[in-house]
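Heads up, the next two complexes both have chain A, just with different partners, chain B and then chain C.
== the complex of A and B ==
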């Protein structure tokens, strides 16, 4: 069971990448990016997990109490903020694409080629 | 005094917040002035940091959380000359870009300036950070600002698609970086670069270390646009507003390479020192990048796209300098990065001027229409010579040092690569110069269709209609930044003692134990212990001239194919056309293709590293 979270993280990354590569709809593509991103949350949390550990709040507990690693919690929170920012920005771009160009299909947003 | 390091990141962030908050009441000129002044102040702060870091790294611990017994508890900025020099480059380019947009950006609101300052803060923070996770955060900060700036002109479908491709591919790269960080943290419990390096130095390069190395490198290769992780780059760089393109081409890809070098030397150099084949794997990527970028550059007619591929090819050359894994190579690569970034920034501004005056950036449609713009032609030619790396440009010194390193490392064939690639990129620019400003070359299919619309390299200002070309001199705020950046590239080449300074800086940059001692124990690094052998200039100067002449010859051959003997022309066509068609086809894909190539590239790089690390 120790390897399960790592397997889940790898699976989420792969399935997210597969979705990005095959997607023909921007909203779907951006959601797939979020799926791939969530693999990093699981990876980070499982790296700092401690079986039987409590939340890392060291008030009124004896010294030496087992707790999960608070640093990875902080890293995951930062990562979630970053992921939310990127998703919000990309969705805003998708809205603009739909408004100005009437399509959400990335293949139909052709740049002017030379 | 060390708080200067923090100030150079905090200041642009605060001003950006103020500009955006005050946007409704702030007069436009005041916002322009505030943005330019902030970028200039950041440049000066970074220069001061650069001067101070020459005597040993400037280390600043946020909140006073200094290390206890050699264990890093807090988050640090560790400023060494290499990082400070790149931060200064970012500041200079941002100042030039904002000055340039003074006249061009009639239509933009203060949001653009706010984003530019956030972008600058991210770039500077990335260069100065001594902490791997904070590098990731600044990496994401400047990336998100860059995505938003790329997609700024939402009315252009190419611009939106370019921004989406840029954002999605780079976000996948950032995820890989974070995965690498998580694995390293799980192994060592550290995030500080020096601490990580010390922890990993105790063990061998086992599977976890190699996988973490792979994830981090691939993530940074995406940002640096190393082949085959570069497919997002051309759309993003070519379709962003000119002022943004200056920063993209000048410093963003360079920072990807900086991260590769910084993380390799501070974290992985001890466990991977025994991996003999690593140099070969990195060199393979460098050669592929340099050649693909150079050929694609020559195939472009859209000026900004041409510069985008010139960036790819020169990233390859710089990676070759780092990939030799010797201090001299790193010294050359850093000097080359600085000078090349300045030259490309200047060229991007020149393209912006052409776009502003002629409302087009396609060399075929512009044929002969630049005859009244001799100053722009002069800037283009000077830029092309800068790309070719002829003296007195700083690119020459960088190449001279990298060639010295190539000889030292037993890879003399790299000199040939430098000559050919510099010739390819300068040939593309010289060809465009001849066609636009002298009207040379066979008439293209579109050359008669004058004024057929801007191609999006600058936002549409009120004058950007199709009323015809401006037959007047450019405004000083357009011309001055281009000239100043070129002059700075020459100054890098002529500054007395710069070679010794670069070699000293590179010695420290590549010395992991000294870096760790300086950051964790506060031990100032010893002065230069060894005298550096004088770099020979005769050979490199000869090669630079050969390169420039070859570029001129290629440009001439492209403009006057009728002057070539029939046999030569037939042979060249038979060889060149399949290559050109194949590469063009590869680069015509969408977002899915660039992510697919990312995965393929990661698998290839991973397999190669796994084979050599056995």
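== the complex of A and C ==
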């Protein structure tokens, strides 16, 4: 258990990259990128976790209560937002690639002639 | 490179990278043991310093405010990119969706979906506004609340028609919401400069922890971000729907 979350993060990164490398569909490829990216959420949150710590929100609990690191929480928030928007941008590119080439298979995308 | 060769090259590289990664990760403190000073320091001083009970919000919008501004502009640029990529290209034509194959009507939305969807729009908007406006007190904030607000538009689409969605959220409104939100963040930052402090300094009255009007600039930035995220995500949604429903390439069967 002491190492499990880190191993999960490493596994997600590698399995996501494997999906990107072997993908035969651009939408699938973008999903694999999201999987690889989610490893960073797990790594960040695991690094900041403290056993017995509560959320760093001191509305119902007094200041001084043991809480997890708020910095990694903020970094993960940034990470998620950027991940979502980059996925949207890549999906838009996939739409255009499908329009121009009639396929989403990266193997069959040919370079533009002109 | 054949797919098979590529897979082999990748597996070899991944074995090395994975081993290095695991080796590196073993150097981290055990899961559940926290050694870093920053989290503990912030948890001790942030509420007294910024009067925001949600320390993640004070980190995001105050201590790391400039980074979050960069992040907001990544979002802005990505939405802009999607809009540019998906708006009608030179050789494409726009066509209202109802002209499409008049003899083959798409199956209508069932009354159950329509009623539940429309009944949820009000509560979802209210919840979105709550999440945005209480971001400095409890979990939530502009990013989360903005996405909740954008789902209200999705509910309108699910329970009614695309045309209704467009009428309720014309492009100019979405563009304005997104731009005002993006500019609002910078405006709050300049407020600090105008007050003689640094950019994004928290110069507004801080109030008392736990009050809705507290934490100075943090709730104001949350509102700006909420506006931008809601506008941006509805814009994304509309662009993708428009792609399937309205835009036609030359020669495409209609």
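Everything that follows uses one rule, which is that the second predicted complex is superposed on the first by the 106 of 114 C-alpha atoms of A that agree within 3 Å, B and C clash if a C-alpha of one lies under 4 Å from a C-alpha of the other, contacts with A are read in each partner's own complex, and residues count from 1 in each chain.
Everything that follows uses one rule, which is that contacts are C-beta pairs under 8 Å (C-beta built on N, C-alpha and C of every residue); 3 or more make two chains touch, one makes a residue touch a chain.
Every value quoted in this text rests on a predicted model; they were computed, and no experiment measured them.
In the overlay built on the shared chain, the residue A:58 is in contact with chain C alone; chain B does not reach it. Looking at the shared chain after the overlay, A:21 reaches both chain B and chain C.
By the touch criterion defined above, A:96 reaches both chain B and chain C. Within the superposed three-chain model, A:44 lies in touch with chain B and out of touch with chain C [touch as defined at top].
Contacts of A:78 after superposition on the shared chain: both chain B and chain C are touched.
Residue contacts after overlaying the shared chain place A:13 against chain B and chain C alike. Shared-chain residue A:107: touches chain B and chain C both. Chain A uses residues 9, 13, 17, 21-22, 47-48, 71-72, 78, 82, 85-86, 89, 93, 96, 99, 107 to touch chain B in one structure and chain C in the other. Note for the complex: chain B touches chain A at residues 133, 137, 140, 144, 147-148, 151, 154-165, 167-168, 171-172, 174-175, 178-179, 181-183, 185-186, 191, 235, 239, 300-302, 305, 362, 364, 455-456, 588, 590-592, 595-596, 599. Partner chain C is touched in their complex by these residues of chain A: 1-7, 9-10, 13-14, 17-18, 21-22, 46-51, 53, 55-59, 63-64, 67-74, 77-78, 80-82, 85-86, 88-89, 91-93, 95-96, 99, 107. Contacts from chain C toward chain A in the complex involve residues 3, 6-7, 10-11, 14, 17-18, 21-22, 25-26, 28, 30-34, 36, 38-40, 42-44, 46-48, 53-56, 58-60, 64, 67-68, 71, 74-75, 78-79, 81-82, 85-86, 89, 137-139, 141, 143, 209-210, 229, 232, 236, 239-240, 243, 249.
Note for the complex: chain A touches chain B at residues 9, 13, 17, 20-23, 26, 29-30, 33, 36-37, 39-40, 43-44, 47-48, 71-72, 75, 78-79, 82, 85-86, 89-90, 93-94, 96-97, 99-101, 106-107, 109-114.
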